[in-house]
Each structure stands twice: as structure tokens, then as C-alpha cells.
Amino acid sequence: MPRLDLPLSDLETYRPEVAEPADFDAFWQRTLAEARRFDAAPTLTRVDSPLSEVEVYDVTFAGFAGDPIKAWFLVPAERPGSEQTRLPTVVEYNGYGGGRGFPHERLAWVASGYAYLFMDTRGQGSSWGSGGHTPDPHGSGPASPGFMTRGIQSPDDYYYRRVFTDAVRAIDAVRTLDRVDPERVAVCGGSQGGGIALAAAGLAQGLIGAMPEVPFLCHFERAVGMTDNDPYHEVVRYLSVHRDRVEQTFATLAYFDGVNFAKRATAPAIFSVALLDPICPPSTVFAARNHYAAEAEIEVYPFNEHEGGQGYHFERQAAWLSRRLAG
Amino acid sequence: MPRLDLPLSDLETYRPEVAEPADFDAFWQRTLAEARRFDAAPTLTRVDSPLSEVEVYDVTFAGFAGDPIKAWFLVPAERPGSEQTRLPTVVEYNGYGGGRGFPHERLAWVASGYAYLFMDTRGQGSSWGSGGHTPDPHGSGPASPGFMTRGIQSPDDYYYRRVFTDAVRAIDAVRTLDRVDPERVAVCGGSQGGGIALAAAGLAQGLIGAMPEVPFLCHFERAVGMTDNDPYHEVVRYLSVHRDRVEQTFATLAYFDGVNFAKRATAPAIFSVALLDPICPPSTVFAARNHYAAEAEIEVYPFNEHEGGQGYHFERQAAWLSRRLAG
Amino acid sequence: MPRLDLPLSDLETYRPEVAEPADFDAFWQRTLAEARRFDAAPTLTRVDSPLSEVEVYDVTFAGFAGDPIKAWFLVPAERPGSEQTRLPTVVEYNGYGGGRGFPHERLAWVASGYAYLFMDTRGQGSSWGSGGHTPDPHGSGPASPGFMTRGIQSPDDYYYRRVFTDAVRAIDAVRTLDRVDPERVAVCGGSQGGGIALAAAGLAQGLIGAMPEVPFLCHFERAVGMTDNDPYHEVVRYLSVHRDRVEQTFATLAYFDGVNFAKRATAPAIFSVALLDPICPPSTVFAARNHYAAEAEIEVYPFNEHEGGQGYHFERQAAWLSRRLAG
Amino acid sequence: MPRLDLPLSDLETYRPEVAEPADFDAFWQRTLAEARRFDAAPTLTRVDSPLSEVEVYDVTFAGFAGDPIKAWFLVPAERPGSEQTRLPTVVEYNGYGGGRGFPHERLAWVASGYAYLFMDTRGQGSSWGSGGHTPDPHGSGPASPGFMTRGIQSPDDYYYRRVFTDAVRAIDAVRTLDRVDPERVAVCGGSQGGGIALAAAGLAQGLIGAMPEVPFLCHFERAVGMTDNDPYHEVVRYLSVHRDRVEQTFATLAYFDGVNFAKRATAPAIFSVALLDPICPPSTVFAARNHYAAEAEIEVYPFNEHEGGQGYHFERQAAWLSRRLAG
Amino acid sequence: MPRLDLPLSDLETYRPEVAEPADFDAFWQRTLAEARRFDAAPTLTRVDSPLSEVEVYDVTFAGFAGDPIKAWFLVPAERPGSEQTRLPTVVEYNGYGGGRGFPHERLAWVASGYAYLFMDTRGQGSSWGSGGHTPDPHGSGPASPGFMTRGIQSPDDYYYRRVFTDAVRAIDAVRTLDRVDPERVAVCGGSQGGGIALAAAGLAQGLIGAMPEVPFLCHFERAVGMTDNDPYHEVVRYLSVHRDRVEQTFATLAYFDGVNFAKRATAPAIFSVALLDPICPPSTVFAARNHYAAEAEIEVYPFNEHEGGQGYHFERQAAWLSRRLAG
Amino acid sequence: MPRLDLPLSDLETYRPEVAEPADFDAFWQRTLAEARRFDAAPTLTRVDSPLSEVEVYDVTFAGFAGDPIKAWFLVPAERPGSEQTRLPTVVEYNGYGGGRGFPHERLAWVASGYAYLFMDTRGQGSSWGSGGHTPDPHGSGPASPGFMTRGIQSPDDYYYRRVFTDAVRAIDAVRTLDRVDPERVAVCGGSQGGGIALAAAGLAQGLIGAMPEVPFLCHFERAVGMTDNDPYHEVVRYLSVHRDRVEQTFATLAYFDGVNFAKRATAPAIFSVALLDPICPPSTVFAARNHYAAEAEIEVYPFNEHEGGQGYHFERQAAWLSRRLAG
């Protein structure tokens, strides 16, 4: 994918107008309030895994509509004789189509001394990796294959209303756990996971940091039709059929635009962006970062596509988060 | 797509063993009985369309679980002074991803003097064409994008259980209409529509004919992994992630295999098959036809891919159906 | 195909200079005058088809150089006792590579109460669909595969000189028929058919309307080299070999540019354009529409590729034409 | 392109039944006799080129129907004081879509001391290279883009009837030239040029050798549908539309099958074949070689696609031809 | 990629003849003996990383020709007061084009209580991931892009002679480390890493296990030309140019064929294979496994391509290795 | 590839700032001085080829580090009795991945009366054509497949340092030959060969002309990331992994940028450029041409991709060179 988006110098100051519904805050307050009525404590089951150095728990918590959402929770194995402390904690959301898979697949945060919760994405987890385990028990109107247009006929029914609510509830849940310091919770994720992390940063209170990598779900009016890659292209495909629903579709999406969550974020952030990214074009990422209401670094990977910074970026995130906790 | 399947001489006698659940008939009897409890009559609304020569009705009938399913119903416009008669009727099911669109898009049967019902496929209608209008209000477990793996964790929850039930209920519904001769109803469809028509032929009583074109959803054990084209490949994608669900997945699919419906069909049939078809490989089509329990012609298109016979095949179908009605 | 052409706001006023030969009108007057010397009446043969509600005729008329050109002519079946009237009539031209196929493949206009003539495109009809039946008995100089560069060495020999002449003669022919009201003839077509319709609108007199959909064959200087899709790319391929014929090639094409026909049109028009169209880029369509000499609406499909508006657009065309006839 | 055809050990003895029309010989005798009525001597014009070491002539000779066919004729520049002799001569035919281009583009035979005629292929020469200069003044029935289906409705009208006749007439023409030894003429060509060389070997008398490289136009019944690459695929595309013309199409092609020419060849031959060739599958080449009526070597390139032996094979051809002339 | 290789039932017993040079053992004895002359102890440098729970060392050891080879060495962080023990150890080799990247990218074995060495592959590490750090200071003859044909003109110069020697020396090196139990070293790797692991299993003594996943570099005579995917296809590309080197190329490759190493292995093994693998076709993997001289399980992933078992397979490997250590 | 670069009118004056190392001249003086220490005369071996009209020599000369570099040297065969003269001479460099192949593959210059040296490119010659015969005995650091990133860690080690030095030494070598007029040597080449010719034009003294066609290796800062085609994309791939080496990589490349050589050229030049070139985008070619320090024509091929002018351009080059020699 060659460079097709704006030059970097323009991206750095790209701060477009993005549609924001008048009742955006009301919508989300109502949504979260309804979800929090299902306040059952998360259930944790110790998992027998080969990971002798890590305690692994299979977690179920109540998400949107109280639906049971799966996650893995990992903490460094207790050392005999050492005192158990509450740990700073990272909550991670997954990329599009992936599932929580196996606990041994994501060990970098726990090996760095954090408690770590990895949330399954409802209904997903069947496109790559080792599988998801969380149903999405809600049907939808006509939709193109994928998750992007499920329930897009109204904000109330839209798929990501459920997912973003799950994301906030995951933070609620993790804060109740013994080994977690509820004052020191950060969120992260790449691509869809980055978009969810942004939503969580805009909706959850008191986070210590947000680390969206090459985030998806930002600045829909530009993204949809700018790239012919899924998942943004799922919306194009839908609108190429439902030619009479353009206005309504973008009206729905405005409730879920990462830019609107960025405007409401309070925790400091470190973003990443890849300048050759054909999935999440860089201008859509900068739109969110440049609207971000708190301090927001951005690490630019000039010759990467959607893989972004990968191992390099974990080094940067870990150093950044460490500084934040120390500061 | 070059020829990769068996040579035609082998295809003509290809009659493989296909897994059949012991409770196949019980499963479907129970399924239909439950659906028929929702026995509300279909609602018809006359539509104001440019089609001055055709009466067009927007139909809603009760499908699986009583869910409202949309369809178009078309009959030749009444001629002043002529007596209204009950017409022979064709019920058509749609290809994968398509919706019922506009009534003016499928006029050949009504222009040939038939009453015609075109059923919307629940949840679909957002990939090509002019759109579907029927929600699928049932959620699902983790699934790959598309409809092939929704609810595949059990026959009860599988997406096509709902669709095939809708298909039978569409026949039930059309038979209640004034302009329809309930003794002279035939079913047709191409690709997914052909698979649904096969299911209807195996489940509905007293049809005058079945006309599956290049039918999909046949002989899953061979089809899944034989082609790398969707929609069969959706199942490959699912199993490439859920590596521990191979057995269960095929156990579910066996309840929905066109071959098993073919074994139970009583109406005569005319199939079509395309020898270069990379979507529905010819051996999977011949498997259904060669197991078909009633008389079954097959029209072979040796140099076509999945488009099959198109306009040529309508000529053959129309002649065949006309002979059946006359005979 | 992502958005690569101008933004919509620029397209709406995009009215480029397009090369126009000094003898453009003389060329076409001479061309049509020569063709009209072959003034034999069209021959009509009633076709025995399954379409009981439609009268179908196989038509042959004299096109360029008097060559026999095939068409289907359809009118609603006579109703016993009703008086035969002259009907408003639609003449349709086909997309690139298609043939007239079967009469049952295009029924929307006749089902809407119009007489309808569908012209075969000489030499074509062997790339998709159900086949063409009209030879092109004229050879050509060296040409790349396809029809775009046949005879491109001079306007006199160029393939589309013959096709556009056929298109005008089709209108001449249909006007002679009993069931046709010669004062109420409209033309339509998509892609190549839209380009031919534009040419007909610029060359034929007294049309009631022109309905070019996503028209091809417009603004060659921009289109050739802007997209790497056939058929425009056939010209690129030709010029990539015949590197010394660039000037002459565009000199020929200027006699066939839809923009130059648009400048001469007198009938009102309804265009369509698709903003993601990689075959007929939107700016080339707007170039024709914005030069159109009569009233010209345009329906914009923002998320479609070359399929354009499909069923949606027929609804708009039918309403538009109905208003024109009423007005 | 991986290996998909038969293993080499089977190819070496692959000698399939290939359809041969009863009047094959009569057809070609009549065809050539008609063409030879146009017996005007070829015209040669000395060309001013940068090639100081080569005499270059622009040749026009009478082909099928007496149509003027272009060629280049090259001989080593006369050396002052040396006696002019009649040279052994190579006639070469071109690959699909190519034209005769410039004389400087094919110098290996003349640099090896041969007189050399390179025939333009009528109508072609606009897909790659530097261009053709020979029109094909004969029109055709409906045909898919390309040359493979032009006039395929009957052997009399088929495009390759004209081309193969041109090829024989090129040999007739070159034999009349001063610098050519008419008893020592060989033919060669790659791909389409190899197919034409095979036809020439089956139709022309007294050749000293035939050198078809990876020849096209052999064993149509196997080739058409075995590969999805053009040009064989052009026939698939045609038959995918004209579904009612399968039998007639192959009846026409049988008059042009390289296997049938191979059966009649009298000059010794050296073939080449590439085992990974996706354009001209190896079994179709071996079919011609194994039916070849005279001595026929074959050079096998096991890891090449359609490019075959390229420079390697010229070395082999030159050594082989040199031995033949010496022998 | 659909199923193109043998059916599973045939694969399970597929045990082809594979060329083995007479001096295979002598070649490798000489090669290793020469390398072992460079017997400098590995250097270890403690790395300051975010991984608080893991001790990370940057390792350099002497590989082929004493060239410095980089690796990461990881052990669980020492727990205060606990006694340091020698740990069972896993040595891993990387896939084609990858580098050792960052230590935090591969934590599953160390989190499972093993010492772990991850070897960089000389010259590679610039195609995906986070980079390699080991030069390959040896030039080569003409080679196609990639590593597969470097030095292929002779076994002495072939690239994989150096890599396989490095692999054995990595085992030598790790066995000298304090935290490593030299009697309990296992090797693993996927794709190229699996091929290297097989070579190590055939060349190194006293391993406790070998775990090749979807191994590459096996049964070259079948693999080269069977798939058109790199890296096997690099050899096809080379031979498509160097048409005179087919015999010599395979003579070189025979010294590096995983099948020949398998015949010599003494440690028990667990393989994996993916039945839709278009990079390392399943028959080439089964060829190695079925020739494996010690006990060899194989885990079959029927619906996976080259990604194989991923997280699922780690679970199986960890359980298998745990049993071996316990047994 | 559609037009994506600047319009022609902008290209004609496009003269960007291009990074130039302060020690550029010193670097190359040192480099060439070191290479010239290996001053062994070239060895020539008369080759027995089929080319009776050409004397063919297999040449070996000392390139970078004295490494033996292969070339073909061709002169028109001596004519008995004619006096031998020193000929104007063309030195040609090859495109990426190609080798010197066979002498009979490039005959146009010798057939035009020139002496001609065709240099093999070290290490290459295994991707297309008939093969290279020159090793590159220097290893490298981690590199992506291909030649673009070998040794890119420093200008001293970079692959093209060796190649460009070979190119200058080829000129040195050819000037020592009996049949060559050392005052009348020109250089040419296409793509990589054009880039090498540019380097030679900037480094060698007293050339009579330079003829770079669609040259590669120009204006790296723009080219790398502008196209996703190899070989420029090899650098993108490398930097997508080695995310910390962007600055250093471009610092190395600046020593090898064709623009910097163009600034130093003294011989007149004729360039070619293709406006649809997706491999060597036209702006990168114009950057070199517009910085060229001597007279520089440019032939623009508006509808070609990377094949550029092919046979057409040889005609222009030959005429141009002939004028220069005459002038």
C-alpha cells in the first residue's frame, strides 16, 4: 500500500469537524446505567495451564444487558513467602475477528509485573487465532457479512453499543478483584481493540492511561469509502445495497466514533499510527488523537501498514506506562 | 476456474455416502410443528409500483418462531371483465447475501402467467442487489463473518434451521392466497436459493415441482475444504480457528445437507449444474441429484462457472414446468 | 475501489474543455444520411416464448451500411376486447460485451406498460449473459482485444461509428411500428448502453427523454489512463504498443465523445453516476451531464461502483419518465 | 503455477484421439487453392534502419483472399567483393497479440547467417511489443474480445483459416526471393507462432524443418476448460455465453487443431514444452508432438511456465537446424 | 487454498524414496567438526527490559565458521530465597524471513518454567516482525531474491549449511549455561524453524525432544514445483532461469533435506501438519515424519493453512514435553 | 496502473531537493581508487556460438575489490580483406534480477555497427532470462529478500557500491580492447541498468553519451513508499521491520541516488520515462533528468508502464547516438 493519505506534516494538525449527536452523552449514560443494573460480581475460575509462572483465571462478567462476557485474567504466580499486593493492571481489547484464544498467547504485560485482563469480543473470535468463547445473543436487521452493520439501523441496536458497554463493564469487573489496584488501571488494544480502548477511555472514569494502537472506528465519514479494505468496507458494501440509508447509517455511527470518545477522555494516552496503513488510514487515527482531550503522545511508524509498531511499540508502551505509574 | 472436479461421466453416477443423523426426520418434524403453532395468516399490502401490468403485494408471514418474514407476491394484473382464476404458482428463494429488493427485478414468472412469491432471506440482503427487509432476531455464538457458522454449535441454533423453516412456511402462506392454486405450487432458486428449494422439496408436501439451480448447501463433507470460495469457505475459516470443533460442526451440518433433503423429496425436479463452478463444485450438486428420491432431470452447463445457465435455464425451466402442469 | 476522483462538490460543477472536431456535425450528418439510404422497413417475427403476458417480436432492421441488426420488441399482450393503442416506447442499448439474450431477461419497461425495443450490439454478445446475434461484417486494422480500438485509425472506420448509427436507426425503425407512438420515444442504457443512449440523444430528433446510467464513452482524454480497467484500458493497451498514434487516436475518439453528443442533445435527461466507479470514473460522467444542452437531472450513488443504482434507479427512471409523459 | 498436468512419464507417451473432420484435407486444399489464385509477387522495399550490418526489407505479400500481409525480411549485409549466395531461410510466426514491430527486435537468425522472414499476424499487434501493421479486413459474427472466436460459427469464416493461409503464403512468397534458397526453408515460432508453424508444417511442402516452441492451438477439446488463462479461455468465455454452440464450436476448431496438422507433417521437427505452462498445458503440446508424422525431438523445460526455453532454446534450435542443413 | 495434496489416509503412510547422498554423514561430520574448532564460550549480557518476571540475556555464540550468532536467552526471574536449579530448556528456531526481534515477543516457554533460547537466523530478520541482528558474512553465486538459492551451486557453499550448523552450535552453547540442564534440552520451531529443528534433531546428540511445526525444507523433489508459493518457489524461479542446473541443484538440496535428517533422529518428536497448507504441502511433512527414526507423533490440523495449530499446538507441545520430562 | 504521479507539465520542471552527503565525492573517489588497484587487464575468450556474423567474447574483468566480473563483448565479424578499425562502443547494464544470459539475446547495437559490452550484475541473474554468471562474494547484515537492502547498514557495505564500481571498471576494461575506440564509449541500460548507467555517467570520465531508460535508483526519499512494487518496496519492507533504522537507511541511500550522479554527469544524455510506470514513478526519473548537469533529452511514453519505449526507444537512441558521433 503506497502513501495515499495526507503528508505527515498535515496529519499532525489534522483536526476535522466530526459529527456529534446532541444526545451523545445522554445516550451513553443511559446505556451504562442500564448495564450496571446487572451488577453480579465476576466469576473467576483458576485454570490449569502449562504456565507455571502465571496464575490464570477464566473470568465471566456481566456485560451489556447482563450478557455473560468471557475474559482471561492473569497475574504473576504468587511467590511463596512474599506478600500479595494489589498490582497495576492492564485491560486489553482484541482486534477484529479475533477471540480470547489461550492465556499463553499474550504474556508480555503479566511478565512485566502487571495484572492483566484480556476481554473476549462478543460474537467474534472465528476469523483468526485460537477462538472466542462469548456469544452475542442479540439478532439484527439485514446486515452485510461481518459485525460492522449489525443493528446499524439504530444506535440502540448497533453491535458496538454492546461491545463498548462490555468494555466499560470489564473495567468495572477487574476493579473488584483482589490482586488489582483499582486506581491504577490502564486500557490498551490494537485496531478494533484500539477503537474499543478509546471508547473505554471516553466512558470509564479514573483510568491511569489509554494505549490505542492503530485504532479502528474513528472518523467514519472519512474512513468509509476511503479504503476498500474491510472492516470499514463492510459499511460501503451495506450502503452500496441500501442506497437509501446513507444518512441514517452515519447518524448511527456518530454515536460510536472514536473521535467523539477522544473528546471526552481524561486519562493520558499514547497512540500509534502507521503511515501506510490501508485498513485504518492515518488521517482517521490523527483525527482521534488531535481531538483527544487529555495529553496524548503518538508514535508514528512511517513504513508500516496495519501491523503498526508491533514489538517496538510494546517497548514504548511499557516504558510510558511505567513512567506514568512512577510519576 | 479450470476443471478440477470429477469428469462428467463419473459425475453422472456419483452417489456418495452422506452422513445422516438418526433423528433427522424427528428434528424437522419437531421444528416445523413448533413453527406452525404461529399460524397467523399472511398479511398482504398492495404496493403502488410502476408495474402497471402486474399486481404487486408486500407480504409478511410468520416464519421460524413466528418471526415476521417479508416477501413480494406478484400476479398478472386483473383484466377487466375476465374471470379471476387460481393460478399455478412459483415460490423462489434467493442467493446468498441478496435481499428481496424491488418487485420489478424478477418478472419472468409472472410475465409467464404464474403467481409468484419471492421470499426474503432473514438477516441477509446487504451484500448485493437492492436490499433485504427481514431481520433475524436471533443471536449466535462466535461465528465467522457471514451466515454459514451462526449457531453452528448445535442444530437447534443453526441459522439455516430458521431459514429452511421460513421456506416451508412461505409455501404454507402462499397456499392460503386467493389467486393461488394450492395444488400447483413449485419451488425454485439458484445457489443458496437452490439449496433452500431442495430443503423445501424435502420438507413440504404436495409440490408440483422443484427447480434447484447450481444448488449450494449440499454434501458438506466434500464441499468444505474443496473450494476456497465463500460461502463454503466460511466453514473452513471457522474450523481453522475452532480446531476442536470439527466433529461437532459436521454433526450440525448433517441436519441441513441438501443430499438428505433430496432423499426425501417427492416432487419431480429439474436441476442445473455448471462444470466449472468454483462456488458449488459439480460433484456436490450431482450428489444431491443422484440421491433425489423422485424423478430429477439435470441440465449440464459445461463451460459455465457459478452463473450456470442464466437465461437459457429459465427457458428450460419454463418449458419443463409447463409440461408438468399440462401432464 | 476507494474514492480517487474529485470530491462531489467539485464534480457538480466540473465542465472541462473537451476536444471537438470542426466537422463533427458534418461527419455525423453524412454518416446518418448514408445509412438512411438503406430504408427497408424493419422485419418483425412473433416469437413463441413462455411469456404469456407479453407479445415478443424478433426484429431485424437496417443499421450502418444497411447491415441487418437484431433487436427484441416487446409489448404488453393484447387484452381481448380492449382497443389497441400506440404506446410510449423505450429503446434500450446494452452494456459492453453483452448481447440481446432472451426476451424474458428485461421485462421491467414492458411490465410498466411501455413498448420496448432492446437493440443487439453488433459483434458483441459473447462476454456475459445469454448471447448476441448480430454480426459486424466489417474488418479492422490492428486492434487490441475488444471493440474499443477497432478501426480507430480513422473516424470513418471506427467501430462506434457503426454502433451509434445502428442506435439512431433503431429509433427510426421503432417509430414505424404500429404499437409505437413515434412522438413518445425515450432512450436508455447503462455503461456502454448509456454512452450509446447519449449519442442517440445527440443525433436523433424528437426524443421524449434520455436516461443514461453510469455512461461510458465520455471525456476520453481524462478517462483513458485514469483507470486501469477495461474497456477504457483497451485504449491504453493499444497506445502502449502504438506509441506513435496517440494524437491520431484521440482525434478519432473526439468524434465519439459523449460530451460532444451531450452538447447537442435536446431531450431532457436523467443521468446516474456512482462515486466509487472504477470503470467509468464519476468525473467523466459529470463532464457529459454538465455539458448536456437540455435539462439534465443526475442521481448520485455515493457508495456504489460501476453497478450504480440498479433496481433503485429503475424506480427513479420510471417515475421521471412517467412525469415527463404526463407533463 | 504448480504442476497440474500429467507427470512427464505419462506425457511422453500421451497420444490422445483428437477429432478430425472427414473433409479436413479437402477443406485445406480448397482454401489454399483459392488463396494461390492471388499470385502477385511479394513487394520488397529496402528500409533505412540503424542496422548497418543487416539488409532490411519491408515485405508485402498476398495472403488469404489476396489480402496484403506485412513482413520483415532480413539478410546479412552484402560484403563488398563477396559473391551473393542463396541462403538457408527461417520463416517465423509471432505470439498472440504481437505485431512485427521493428526489424531490430529479432536478429538472432540473421546474425547466424540465415535469411529471415518475420510475418505480421493480421489484425493483431496491439497487445504488447511495438505494433503490427496488417489489417484483417474481414468482419465476424458475435465474438468474445480477442481473436479466438472470430468467425468460429463456421470453418470457412474462422479467423485462423485466414492466418494459417497467410502462413503458407509467406513460405510461397519467401521462396521467390533472390537471396533465399527455396529448398532450405524452415519455420519457427513460439506459442501462437508455434501453432502457426505446426499448421505450416502440415500444409506446406518441402520444408527443411519445423521448430514449434510451446505451441498453442493444439488439442482443443482438452485445452479449452483445462486452463483459465487466455487465449484458450476466450473459447470458454464464448461458450459460457453461447451455451447452445458447444458442438459446433469444437466442430470448427477441429479444422485448426495442431494435432491434425502434426499428423500430416513431413519435415523433421524440434518442439519445446514447459512443464509448468499454464497457457499451453504440456499435455496439449505432447499431443501434437506424439502425433507428429515425421521425426520430432522435444526439449523439456521442467521448471518453466509459458516462457519456455527462451535463450537456451535458441541455442538448441540453431544447433539442430545447423545439423539438418549439414546432414 | 483447497485440498490438492493426497488424502489423509494416504498421507499417513506416505514414505517416499528421497535422494540421499552417499557422503551425507561424512559431509555433516566434517562440517560440524570444522565449526566446533571455534569453541569460544557464548557471551551473555543481561538486558534491561520491561519483563520484570523474566531474566533476559543477549547471547552471542560462535556458529558456522565461528561467525557470531545472536540469540535471546530467557529464564524465570530468580525468586529471592529460592534455590537456583538447572532447568529443562527449549531451543527455538525461527520462520523464514523473521529475526529474533524483542525478548517479550515469545514468552510461553519461559512462563511455563523452562529456560529458553531463541536463535536469530543469519542474514534474515528483515521481512516481518521486529528484526534480526545477525549478519551472514558469506557471499554467494547468482541467486534469486531470498535465501533458498544462495550458494546452491555446491553443498559446501549452500546457505543452509551455515544455518543448520548454527542450529547445532546453539544447542552446544546453551548446554554450557548455568541455568540449563544439558541433559534436558528440546528443540522446536515452525516452518523454516521446523526444518531447522529437524536438522538439529538429526545432527545433535542427546536431545530430549524435537517439536517441528509444519516444517519446511523437506522432500525437495516433490515440494519444488508442487506449490507456487515462496520459499520453495524460489528454487523454481532459479531453475526457470538456470535451466541447465536442475540436476546439480537437487544434488545440493539432498544434503539439506529434512527427510534425511529425520532418518537419523534419535529424540522422540511431535510434529504438526496442516492439510490445506500451500507453503509446506502436507505430503512433504508426512514424508519427514514417516521416515523419522524415533517415535514421532503428528498432530493434524485439517482446515488450516500454513499457520497450522498456533495456540492449540503449544498446548499439545507443552503437555507432550511435560510428559517426556516426567517419564 | 492509472496515472497517480504529477501531471506532465509539473514533471517537466520537477527539480526537488535531494539529500547529498557532504563527502559524496570523497566517498566515490576513495572507492574507485581502491578498485583500480586491481588493474589486471580483462581476459577475453572467443566463444563458439551460432552467431556467424558476430565475434563473441566471454570477458572477465576486475570489479570492486578485484572481484571477477563477467561480460559479453560483441563486434561485427571481421570481413575478409577489410581493415579492422576501432569502433564506437556501447556498454550496457542490465535490469534488476537479470543476468548476461546468451550473447544472441542482445544484438541490436552490434548489428548497428558498434562494439558492445554487456555487463553481468554480480549476484543477480536468477529471476528472469537465461542466467547470470557472476558471484557476489560479499556477505551482508540482515536484509530483506532481494538486493536492495544488502549491506544497507553503511555506505561502505552497500551492495550498489560494488555494482556501481563494477560499472565504472567495465568502462575502464572495454577501453583497453583493440576493437574499441576509447574516446567513443557510451553507456546505456533500462530500469536498474538505467540507474547504473546514470552512476557510470556521474563517475566515469569522457563518455560520449548516456542513455538511461526508465531509470531505477533515483530520488529514494520519494520513491520509497510511493509505490508498493519491488524493488523500491524492498526498502519499505526492510524499514517496516527495522523501524529504528529509517534515518540511517536513507543516509546510506544518499550515496547511491541517481540524482546525485546526474548532478555530476558531463556526457550528454537521452532519458526515457513512462507516465504510467508503477515501478519507477515518473517523478523520480524527472528528478534525475532535471538535475542532470549536461544536455539531457527525455522521451516521454505517456501510456506505458515500466516497459517504457522498448523497440521505439532503440530507434531514438540509435539515431541520437549516431548524431552525437557524427556531430
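We call the chains A, B, C, D, E and F, going by the order they appear; numbering starts again at 1 in every chain.
One rule holds for everything that comes next: a contact is a pair of C-beta atoms (placed from the backbone, for glycine too) under 8 Å apart; a residue touches a chain by one contact, two chains touch by 3 or more.
Predicted, not measured: the structure shown is a model, and the values here were computed from it.
Using the mean of the Cα atoms as each chain's centre, the chain most removed from subunit F is B. Farthest from subunit A in terms of Cα centroid separation is D. Matching residue numbers shows that D-E is the pair in E-F, D-E or A-B whose interface repeats A-C, with more than half of the contact pairs in common.
If you average the CA atoms of subunit B and of subunit F, the two centres end up 63 Å from each other.
Put simply, the C-alpha centre of subunit A and that of subunit F have 51 angstrom between them. Averaged Cα coordinates give subunit A a centre that lies 36 Å from the centre of subunit E.
Multi-chain contact residues, meaning those touching two or more other chains, occur in subunit D at positions 129-130, 243, 312.
Viewed as a network of touching protein chains, the structure does not reduce to a path, ring, star or complete graph.
Inter-chain contacts occur between A-B, A-C, A-E, A-F, B-C, B-D, B-E, C-D, C-F, D-E, D-F, E-F. Interface of subunit C with subunit B (complex): residues 50-54, 76, 79-82, 101-102, 104-105, 107-108, 110-113, 129-130, 310-312, 314-315, 318-319, 322. Contacts from subunit D toward subunit E in the complex involve residues 1-3, 275-276, 301-305, 307, 309, 312.
Against subunit E, in their complex, subunit B makes its touches with residues 224-228, 236, 239-240, 243-244, 246.
On the side of subunit A, the complex with subunit B involves touching residues 97, 99, 123-147, 149, 237-238, 241-243.
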